[in-house]
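Notes to accompany the following structure.
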Amino acid sequence: MIEFYNVSADIDGRNILRDISFRIVQGEFAYITGPSGAGKSTVLRLIYMDLIPNEGMVIIDKYSSAKIKNKEIPILRRRLGVIFQDFKLLPDRNVYDNVAFALRVTGVKGAAVKRKVLRVLAEVNLGHKRNRFPVELSGGEQQRVAIARAIVNNPFIVLADEPSGNLDEQASFEILNILEKINRQGTAVLMATHDNTILKRYPHRVIKIKEGLLNK
Amino acid sequence: MIEFYNVSADIDGRNILRDISFRIVQGEFAYITGPSGAGKSTVLRLIYMDLIPNEGMVIIDKYSSAKIKNKEIPILRRRLGVIFQDFKLLPDRNVYDNVAFALRVTGVKGAAVKRKVLRVLAEVNLGHKRNRFPVELSGGEQQRVAIARAIVNNPFIVLADEPSGNLDEQASFEILNILEKINRQGTAVLMATHDNTILKRYPHRVIKIKEGLLNK
Amino acid sequence: MNFWFTLKEGLKGFSRARLATTITITSVAFALLLIGLFMIFSLNMKHWIGGIRSKIELEVFLKPYLDNNEGLNIKQKIKLLEGVGSINYISKDKAAERFQKEFGKSVYDVLDSNPLPPSCTVRIKKGFQTSTIIKKISASIGKIKGVDEVVYKKELLSVIDRYIKFIYLIAGGAGLILVIIAIILLYNTIRLTIFARRDIIEIMKLVGATESFIRRPFLVEGFMQGFFGALLADGMLFLTINIVRKLIYPYLACKIEIYAAIVLFGLIIGLVSSSLSVSKYLQRI
Amino acid sequence: MNFWFTLKEGLKGFSRARLATTITITSVAFALLLIGLFMIFSLNMKHWIGGIRSKIELEVFLKPYLDNNEGLNIKQKIKLLEGVGSINYISKDKAAERFQKEFGKSVYDVLDSNPLPPSCTVRIKKGFQTSTIIKKISASIGKIKGVDEVVYKKELLSVIDRYIKFIYLIAGGAGLILVIIAIILLYNTIRLTIFARRDIIEIMKLVGATESFIRRPFLVEGFMQGFFGALLADGMLFLTINIVRKLIYPYLACKIEIYAAIVLFGLIIGLVSSSLSVSKYLQRI
């Protein structure tokens, strides 16, 4: 479902990743770890096609990085749920609209939007702050909005870049419980993390990256 | 040196902190912990006077929140080193200039700037990326730039909001080693964190906050 | 996609970036006011020039021995010619009065009889007031029996003809420059408001929004900015016109079409500028 | 703080926000071009009006029995009066020629002797060409012995006087509006470029920068934007003027002062706008 074939990626002429090959099958739960600057976020960018590899090929669902058209990229992204490391919330919309936006781009309308958004906001414990704007939230609260937005769409895979970086242990565990729950319902999860506590408590397959190379 | 007397703080008419009193003495190292949204970042904002309490008083060095003039606030801030939870790097300057900016505002010039900046960049392992712009850095690298900028000024206290949120265990420990080192040289440290591993490995006084109240 | 959703999003853009919206609408309004003022100026200049041209007249001197009846007869014949407007018949007596005014002396002071010929002052209809046509009319009149000579200010006419061409050129050129300036300023302003929100466009793309989904609310916003800016411009123009009429020139002409043109212009500029500006940030994958 | 550092920071602002800088400089240039065009227009209008006024002349009819010597004597006397410019003496013979031109008939056709009086055409010096002064000069001439009557186009003169006032009012008003429009558009543009960087100002404050430390590079940037915008405007104005001179009107007047005024204007607007706009984001603690 997600396949990397000897992928090398440059950004602005700088080589970031070299000869990466791995595969994530449907419904799998995998961690991606490695030191700061290793290339974890870059791997995720390759998956949501914000970056096209210089060499090799990335295959996501039925799309290949070699053949995908610009027009198809939004279609692909709607089927992924991405939790960005820097949240990437829309600063000019409140919590509700930020989450609803991800639904509306897929064409969902009216009452269905409301129902789904309120359900995921409740799941991340932010129902009572749905009218706040991102600047009016704490770091951890912003992170939870980002998580809500990523899962509201019933994606076939959730890409989570440090989803617990700004959360205390208790909240991290809750997020991991949510991710495991949706994973049990068939959604794959690929999560970049540094947190050893989580790795130990929620053991899954680990993909290690170091200086742009896969570390088997 | 840092004294909170029955501080209550509202933001946009919403009560965030209630009746907080504590004191941090010169050269102390303290953690501030609590669940997401408890008010940790708000406590730090009160210290760098981005927020003035509605009730009670905050005293930082020789400045009191009740009497400080707008003109004195920059003077105070230059003597603090703040690591913001969302980094707050200047997106239009490279790493070197971001760190140098904090020095230049204090009037340091020419060769002295260069020497000091390169020294702290080396300390956070980013000397080789000094010409990069923030968007060209990974999350952890941005965090380390923020740390470098906070300590370059030889502040009398470092306020660190989740300085290891985006760092792997190894890098976190290095940052903590840096903070402990400058703490041994007489600089106080107040660090907001969720990371239990750090709390255990580097034990110091802990200030707990929950729902805006001090949790003794 | 839902039309109402797009409209609502566009309108929300207004309150989301209130300062930018205010700035843009003001800029749009003033740039359109500029265009409006130019249109008012052109309209009035057209009227003025028409006024000057309509003052061109031919002086037709008749044989001095003709009596009043014969003179009026000739007047009727001239009247039938194409392009001839009103005719003013000047009898021998009136000519004598005119002589006195012009030379400060009566003809009767030196002479017993009046040597001055009767004449006609012939105005030319609108649309026939050009050098070449007047030359033709003058020739036709000259052929009428009893007409002695046809005199008109050939030079003045050709000067006016030349000057009008020149004034039209200047005004047209100035107008074109003004309109270009206004368009560039508007385009730049709208571009800047979207530049200020380039991050938002970037985020929308990452969340899976298609280009048209992102573009449409910005278009609605641009359309609205053009619309409200145009309304404001119309208001200011209306005020300006009324102040000018009260204080300086009560006959200032204005047409409702100018107000409409401003609105149309505002809408087009708003749409085109925002469309082009957003596209800039949509190009990259 | 170091002057060079401020200058460098301001210049760096250019490359840091390249798009915004380009947009701003273009906008500044076009708004200044607008002002420049208006100044050129005013200058030329002043020249034209001067040209019309200088064509005003008095016709002085002398007693018809005076001979040429006596006539020229009177001419000399008139010449001594204050405000009188060139004088053209028209002898009895010249008057006869004029009569023929005007009425299509020679005076000698009906009469043996010439009844027309000698006359002088008197031009008025610059600065004396107003209704009231001309009235006084006319009265003084009338008192000279041998002068029969002084005639001049009182109505035309008062019409010109009134129209010129009116044209000045219109042009002044239009100019004021243009300048206001240009200023508002410029101010808005610069405000938008700073609005796009409000976050940066916020961060600078949190890092301990004083207001003046933050403001100064923006001022330098505004100054530079005004300067380069003005240079561009001067360039475009120069081109426009030369094109107009080549194609339409070779006598188009222009002064070096207009170019200088544009630069000055650009600098002031750049400085004031950026200063005001930055202050908006510095106000809050």
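A few comments on the model shown:
Each chain carries a letter (A, B, C and D) given by its place in the written order, and its residues are counted from 1.
Here is the rule we use: a contact is a pair of C-beta atoms (placed from the backbone, for glycine too) under 8 Å apart; a residue touches a chain by one contact, two chains touch by 3 or more.
On a predicted model such as this, the values are computed, not experimentally measured, just so you know.
Note on connectivity: the fewest chain-to-chain touch steps from chain B to chain C number 2. Chain centres here are means of the Cα atoms, and by that rule the chain farthest away from chain B is C. Chain C and chain D have CA centres that are 22 Å apart.
Centre-to-centre spacing of chain B and chain D amounts to 62 Å, using the average Cα coordinate of each chain. One finds 66 Å separating the Cα centroids of chain A and chain D. Averaged Cα coordinates give chain A a centre that lies 29 Å from the centre of chain B.
Those residues of chain A in touch with two or more other chains do not exist in this structure. Among the residues of chain D, none is in touch with two or more other chains. Taken as a contact graph, the chains are arranged in a single closed ring, with each chain touching exactly two others. Every pair of chains meeting the contact definition is listed here: A-B, A-C, B-D, C-D. Taken in their complex, chain D has these residues touching chain B: 1-2, 5, 16-17, 197, 199-200, 203-211, 213, 285. For chain D in complex with chain C, the residues that touch the partner chain are 19-20, 23-24, 26-27, 30-31, 33-34, 37, 41, 61, 64, 102-105, 109-111, 115-117, 148-149, 151, 166, 169-170, 173-174, 177-178, 180-181, 184-185, 188-189, 191-193, 195-196, 240, 244, 247-249. Every residue of chain B that touches chain D in the complex is listed here, in rising order: 48-50, 52, 70-71, 73-78, 80, 82, 84, 88-93, 101-102, 104-107, 109, 149.
Per the touch definition, chain A reaches chain B in the complex via residues 11-12, 33-38, 40-41, 85-86, 136-141, 143-144, 161-162, 165-172, 194, 196-197.
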